[in-house]
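Going in written order, the chains are labelled A, B, C and D, and every chain counts its residues from 1.
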Amino acid sequence: MKVSIVGVTGYSGLELIRYLRQHPKVEIVSIHSHSMHKKSISDINPHLKNIISLPLEEFNAEKIMEGSDLVFFATPSGISKELVQPFVTAEFPIIDLSGDFRLTSGGTYERWYGKTSAPLDLVKKFEYGLAECRKNPKAIWIANPGCYATATELTFAPLLENKLIQLDSMIIDGKSGLSGAGKGLSQTTHFTETNENMSVYKLNQHQHIPEIIQQFKVWAPEIEAIQFSTSLIPVTRGIFLTSYVKASQSISTEQLIDVFKKYYQGKKFIRIQPENQFPELKQVVGSNYCDIGVTYNQTTNIISLVTVIDNLGKGAAGQAVQNLNIMAGFPEELGLNAVPLYP
Amino acid sequence: MKVSIVGVTGYSGLELIRYLRQHPKVEIVSIHSHSMHKKSISDINPHLKNIISLPLEEFNAEKIMEGSDLVFFATPSGISKELVQPFVTAEFPIIDLSGDFRLTSGGTYERWYGKTSAPLDLVKKFEYGLAECRKNPKAIWIANPGCYATATELTFAPLLENKLIQLDSMIIDGKSGLSGAGKGLSQTTHFTETNENMSVYKLNQHQHIPEIIQQFKVWAPEIEAIQFSTSLIPVTRGIFLTSYVKASQSISTEQLIDVFKKYYQGKKFIRIQPENQFPELKQVVGSNYCDIGVTYNQTTNIISLVTVIDNLGKGAAGQAVQNLNIMAGFPEELGLNAVPLYP
Amino acid sequence: MKVSIVGVTGYSGLELIRYLRQHPKVEIVSIHSHSMHKKSISDINPHLKNIISLPLEEFNAEKIMEGSDLVFFATPSGISKELVQPFVTAEFPIIDLSGDFRLTSGGTYERWYGKTSAPLDLVKKFEYGLAECRKNPKAIWIANPGCYATATELTFAPLLENKLIQLDSMIIDGKSGLSGAGKGLSQTTHFTETNENMSVYKLNQHQHIPEIIQQFKVWAPEIEAIQFSTSLIPVTRGIFLTSYVKASQSISTEQLIDVFKKYYQGKKFIRIQPENQFPELKQVVGSNYCDIGVTYNQTTNIISLVTVIDNLGKGAAGQAVQNLNIMAGFPEELGLNAVPLYP
Amino acid sequence: MKVSIVGVTGYSGLELIRYLRQHPKVEIVSIHSHSMHKKSISDINPHLKNIISLPLEEFNAEKIMEGSDLVFFATPSGISKELVQPFVTAEFPIIDLSGDFRLTSGGTYERWYGKTSAPLDLVKKFEYGLAECRKNPKAIWIANPGCYATATELTFAPLLENKLIQLDSMIIDGKSGLSGAGKGLSQTTHFTETNENMSVYKLNQHQHIPEIIQQFKVWAPEIEAIQFSTSLIPVTRGIFLTSYVKASQSISTEQLIDVFKKYYQGKKFIRIQPENQFPELKQVVGSNYCDIGVTYNQTTNIISLVTVIDNLGKGAAGQAVQNLNIMAGFPEELGLNAVPLYP
């Protein structure tokens, strides 16, 4: 299978290269960047020397469709929505890692991203690519979920589908490493400002909130709101999510673990932790795993959950490759068997 | 004023030296350690060379009372309860930084610390030293609060005393730097295990929980439980607390900020952030400040609060010096005017 | 090919698992630890869950030889020298990652490791496994080089073999991440002591010095001494080596780069940087690459070199797998094609 | 004494505030920034809230001279040379922290800073402010040394003045924390690029090289060149310098330590380490100390030295305050007695 990557110089694009280079059935045939064409990717990214030496090319839909079987967009929000039309017209497979094709209800993209949405009928052609919960495995246009959204939805899916929680009590306290802020330069990503620091950056305002609520409504249509905070911690990779929610019925930690194990049975990338054990961020870095620990506090009737993913792996490129595998009919794990980089 | 420090080689003891060396009215006359006596403190801690060269002495209550006017205990839990009796008998001033004299109800210390408590009538002689909320400024025996407890109580005091929240809805998500785990060696404090990592370490089990509830009951006796989690983040110093609680009445962010400003009027070390601004951890490191940001989410009826302190400053040695100032009748800020170490 | 790993719970052992799990021709059939047998490796190391679930077994030479084709020792120094005899007697292949079979001259191991050496005739049966400079590809007993030794020898090999430098002027300033200090607990590896810090730990005393000199003498027998310092920097993985040496003849940077490129022609894991470019540590983390930058300063007649490796990759497990490939006649890169984990 | 600070929003300017706020004889009366005037400094820097609330003013030489007794320039290179003339004309005291008045020989500033120099006769009016080696304590115009230059010159002064080393053999391997790169945004200071990384950034090209050689020539006029490299390590503050130089005569470590102790006798901020002990970076962070360790290797005839300073303290603002103390006739330590922030 031959693929092209558009927007390859950002962190998600580079991570796509990392995963795809290990995929036994996929070959990267062209890579595209609006800013630095002509140069070789390994000149700009010396870690890729002797590994991949394709030149950075200008975007050209026709050439991509001629040479490839699928195109990844790893562009910032607002780009792919301007570029996908020729691929859709030609029924050519797309996996989009940006937020451009995730929000299906009118005005939502505008409000949270501050940009004009793609036409909603075009958006609706895209399948939301939460890999463990995909509806239509044959979909050829995939809106790959956001990193926070992936972690949050995988955390609450078993609770919502099994109707175990009070819907107005969900509190999600998310923390992200700095690669989540992208390669752009700002005070927020300056080492001296960030190192030895922690800061809230979007309280009740993160653009993944509507994405999460939209997906939650699939499982529990009466949901109206969630409490969602996001902080930066001084690490490069990873999302660490602590969630709190009131149980709607009598339950125990043991029962909760059973619910999660059953829900994710056969899903190799979701690893439910044993009782009294919570995942550490580092145990998933560099991989496509999502590890979840859960406990119930009888005194407060609160279920606490700890969820960890690599924001560039399961939260972006890893899940995108998993979606490619689903689309192509490959085993879901193909090319994704990298052991997390511990220590 | 002459003071002695018992347990000077731990992080809190060293931080006491750091603050007291800048205090214009205090002289450190003796320092004590059970493990390394005879050596000079600056041989073991080269950062103190040319600054303080007192020898480490064995503990000797008589000699301390002869030479000093006050004794600090910066010992691990379980030590000071065995050592204070002669000082109490002699009506000699004590500031204890450990957990030994904080919990006044029977069986609580045993359950949370796993050790025998000091006799409860002795414990009750100690005033709980939450400096901004002290009851008896003349107290000469002070139980200096825990670091998490300090941050949590200063966060909720205005809300509880003004009856603004639903008491069964308090969720506190605390994160601490590694100095909070002390100088002891364990996998938890190994650089390679902790760096680029984040982990929950005590979910519903932190020994500051009963201390917090005890103090909360002073303000709202009907409180029964709180949801309290603690995680480690890869920084050296600092506590970063995110709290969530449901409002019990119609309120706005603006009103909440007013409540906090009024409650802490004249309290120089509590800095309430302006609307839409939340404190970063780094803005208090190296100081005795406690910075609090608050916001109200109308959609979920949840008040979110972000609180930061230096666990060794306001959370330990800084507050201890503040308590000394109160006891001695000095201005509360004396010796505590260090500017936070930013960047 | 079936392999066993002895000493699997240390960082090098875990890294062997990480590489071997991606090797298409190798299967790990048993793993051994003296301390924690019976448990599953993934119970102790949650990052391995769903990846490998072998039990930790007691060491048993007979059983290993029955079930496997090769044994790795990833044990601390002083262990493998007590365990290898039955394998040698049986002509069974060994790759030893410790320092036990590297030093061939009498008294050297004793002086630098402070322990009794293995018998020298046994030591001499082992081939020194500097993969790019191997003498006997058919050797079945390999002493895998130390991490600092690997970086230093790969840096100086082209200069020594081409007689380009003054032999009494070699200065090597090495820096290592904390995983190089192993999993053991000490003040040196305590996060709070190490974070935001840098410290020299072995000046003129590192046990890799005799290993380096021994190898240097192969290329230039008249060498007597090197100046070699090692510091700790607050990162998890990686060795960053800065070297200085006086040129023995008129030379230019361009010529030096040519010398290096020619010397390492066809050696995929050695990546010589273009002129005026020096490798960053991060561009090799998680991989088996060794990247080298070189420049000549006409004013001082000094050649400066910057060399980076992952101490657990090229400096330990990666090179060990490369040596397995050489021994087995596989392509050298097999199982080692992981892209460095950037960012 | 009343002072003004021009360029107060950079890291050196903020650090000046930190030190001066603790100085018992100095009051900051006005602060100036070209970019953000009108705002209060504590609005932009929340760590300064309740500490200093002066407004940021436009630069105005007349007003400064009316209200103050001395002006600090903490501006980037190229600014103060355009602004100082009215102060010099009025014989008004200046301490300049930039590189604008350090290089006294024609063409040097141009070559290394890439900008037009201030007129050389103006430059020569400034005394080079290496505080422990000041020539004219009455000078009122001070060129405060660069951070790397301070560390390097304090390291070599005793060796050069005592003629103990071979002058063509000096090799200095410097490492700096990221605050040394300033507040400006670049790939180099992006957390994700810098964290878990180390990189050489100026090999033989750092602008402090001519400053160091100029000062070295004061002590040993025949010096021609030094080998000088600078790397970035992932810490916020601090310079860690490893130096290597050949002895010119028979010497021992003990003798070297004596030479250093004698040379710096009475200089409280220079702390010579005992034999076999080398300073760690952290033992000076937040302070004005410069700690030096030295050892001699008989085998290679090389003297190795390890030197640590806080680049913002002794390397900038701390030394500037020390120079103010010298100028004003205060004790050198006044306002500089902060204990290093350990841990």
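Note that a residue touches a chain if its C-beta (ideal position, glycine included) is under 8 Å from a C-beta of that chain, and two chains touch if they have at least 3 such contacts.
Since we're looking at a predicted model, the values are computed, not measured.
Annotation: A-B is the more contact-rich of the chain pairs A-B and A-C, by number of C-beta pairs in contact.
Of all chains, the one whose mean C-alpha position sits at the greatest distance from that of chain B is C.
Separating the centre of chain A from that of chain D, both taken as means of CA atoms, is a distance of 46 Å. Work out the mean CA point of chain A and of chain B, and you get 39 Å between them. Here the CA centre of chain A is 36 Å from the CA centre of chain C. Along chain B, residues 11, 179, 192, 196, 234-237, 280, 282, 285, 343 each make contact with two or more other chains. Only residues 11, 177-179, 181, 183, 185-187, 189-192, 194-196, 234-236 of chain D touch chain A when the two sit together in their complex.
Residues of chain A that touch chain C in their complex: 11, 14, 17-18, 21-22, 45-51, 179, 196, 236-237, 268, 271, 273, 277, 279-280, 282-287, 289, 291, 337-343. Listing the residues of chain D that touch chain C in their complex gives 168, 171, 173, 175, 192-193, 196-200, 203-204, 224-227, 229, 231, 233-238, 240, 242, 244, 278, 280-282, 285, 293, 295, 297, 299-300, 302, 304, 306, 343.
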